[in-house]
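For reference, the structure discussed in these notes is given below.
Chain lettering (A, B, C and D) follows the sequence in which the chains are written, and residue indices restart at 1 in each chain.
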Amino acid sequence: MTDNRRALDAATLARTIRNIRLIAFDFDGVFTDNKVYVFQDGREAVRCTRSDGMGLNKLTALGIRSVIISTEPNPVVTARSRKLGIDCIQNCGDKRAAIEEVAQEAGLGLDQIAFVGNDINDLPVLRAVGLPIVVGDAHPDVLAYASYQTKMTGGNGAVREVCDLFEQILRSEGE
Amino acid sequence: MTDNRRALDAATLARTIRNIRLIAFDFDGVFTDNKVYVFQDGREAVRCTRSDGMGLNKLTALGIRSVIISTEPNPVVTARSRKLGIDCIQNCGDKRAAIEEVAQEAGLGLDQIAFVGNDINDLPVLRAVGLPIVVGDAHPDVLAYASYQTKMTGGNGAVREVCDLFEQILRSEGE
Amino acid sequence: MTDNRRALDAATLARTIRNIRLIAFDFDGVFTDNKVYVFQDGREAVRCTRSDGMGLNKLTALGIRSVIISTEPNPVVTARSRKLGIDCIQNCGDKRAAIEEVAQEAGLGLDQIAFVGNDINDLPVLRAVGLPIVVGDAHPDVLAYASYQTKMTGGNGAVREVCDLFEQILRSEGE
Amino acid sequence: MTDNRRALDAATLARTIRNIRLIAFDFDGVFTDNKVYVFQDGREAVRCTRSDGMGLNKLTALGIRSVIISTEPNPVVTARSRKLGIDCIQNCGDKRAAIEEVAQEAGLGLDQIAFVGNDINDLPVLRAVGLPIVVGDAHPDVLAYASYQTKMTGGNGAVREVCDLFEQILRSEGE
């Protein structure tokens, strides 16, 4: 695993994407703008984007699996993943162990997995997977560990952009 | 029906608008900013604009009917359309079939109908109606199918802008 | 009352402000960003700014009364005005009649009243009062009827800016 | 205590930070964007940033204590501070007295305390502490009283930026 990766050139990015079979997404800051609405009774809400669902449907049609990996157990993550119809791993103190479990269960190598994150708690996974992606407004400390940074920010089209990118590459001929 | 339309020149746009008798609106991304607030119990909320209601009142005064067409059944769409006092068709897997049903029921041709959308699931309707409109922040993949793109983004004045445009054209003399 | 007013020069603005004894505020689009959060059961919420409260306290200290005038009856307006500790007139179909009632009750002339609005339903009041103010993101159709437009937009500091302006003028010496 | 301070040069800022043992934060406008969501029944909600929690964990690891000081008693402040796992002083009409009590209880001098605020009600504390900080969108009237202004705005990374700054200084060698 290499640190301080740089953005891939177009051909290498396309080749890497063709090898990916599963995309794991962090939740807060990726499916959301990393904000949380706090109510008087302590309950929380988050803001997601409708267009992400259309993107994930594309991935499914392309034979790419999607999964959400979130450190903190939170009912809003459960609610959103259920609505999106994708798997969700929560309450994993160790995201790196979680991604390896996902890989093993799916019979995939870590090089066949992409991960989309946004902050320093994603570093162990970003360093482990074949295609580490960060959102447009990721924390500066993680930028060096990503092979691709989305133009869109978290909760504002970043997930859809990743899905559209995969569709564009996988639907195009050869390299 | 022609694909890959271009923005109409002012005179053609005015002539097209004078022929329209009904405007159908997508909900998410048009009446809203395409975001959804997700609560711990799975309930959802959306953010709309107060000024849209004043615009729809103008349309009614001009004799133009308004209707919301939404693929997914969602209580927030019901709640908002009731508050706005306009009709609402939900849970229509096929938006194209829904718009044709609306046209038939109103005794109108599809060329007398405008539609305002924002994403790829609106394509079948955008390609069918007389005046296909997309919002300022519509997905790039639908821009080519619109005769008019609003300056304002969804949930931030796009609906009001359409209503103001119709008022301006219909209240002006001749062509 | 003159239509199509222009922004006042600094000296005239200061003289006009020194004559004002009461400021009436529209609610939606002035205390809020003109957005409404719609829940599945039809309930609504709005987004206000904490700093407005500090501004209104300044007005009170300066001997200027504040009142909210809102066309539509809405529990969120009641809730917010109660929290801010200012009077609130709701469910007034005719805002112009409401402002005249406020003036009469306070023993003031309309020239001693300022009004802060944002859209076309505020026109009858903007045209009637001594100091018509609109927010930074007011609808283009009302700009010509204002003597002052705030730099800040509705729900993002516009109310505070008006209060700060009054404080600055009223605390300065002479003209 | 000096008024009208200016931003510190890098070396003085670093030396000042090395002396700080506790950071007190205002809540509204610092942990939030100074907005409040108002519901029909008068309940309120605020919008916070997930990344702040990661920043506060860094402070704890560096041996710096954190505390929230809020004038108004509000259940959302209680809820958020509990989630973040930091102390919270509410319902203190006099913030200056509160900060002195915090200092005494912790056995610290006011010069060993930093405070992060955003508006005029923070002035008595900003003028009292060793390192007065304001957020990127603080009210103009408090800017002159800060030794440091964050680039990020309240509720949008300001707290995290302060934590990252402390980490950067305290982890670097010497001066």
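Couple of notes before you dig in:
The criterion applied here is as follows: a residue touches a chain if its C-beta (ideal position, glycine included) is under 8 Å from a C-beta of that chain, and two chains touch if they have at least 3 such contacts.
Just so it is clear, the model here is predicted, and its values are computed rather than measured.
Listing every chain that touches chain B and chain C alike gives an empty result. Think of each touching pair as a link: the shortest run of links from chain A to chain C has 2 of them.
In this structure chain A contacts its sequence twin chain D using mostly different residue numbers, the overlap staying below half.
Overlaying chain C on chain D by C-alpha atoms takes a rotation of 90 degrees, rounded in steps of 5. With centres set at the average Cα position, the gap from chain A to chain B is 32 Å. Centre-to-centre spacing of chain B and chain D amounts to 46 Å, using the average Cα coordinate of each chain. Multi-chain contact residues, meaning those touching two or more other chains, occur in chain A at positions 37, 45.
A ring topology is adopted by the chain contact network, closed into one cycle in which each chain touches exactly two others. All chain pairs in contact, by the document's touch criterion: A-B, A-D, B-C, C-D. Across the complex, chain A meets chain D through its residues 28-29, 34-42, 45, 119-121, 139. By the touch criterion stated above, chain D contacts chain A in their complex at residues 37, 43-51, 54, 74-76, 79-80, 82-83, 155, 160.
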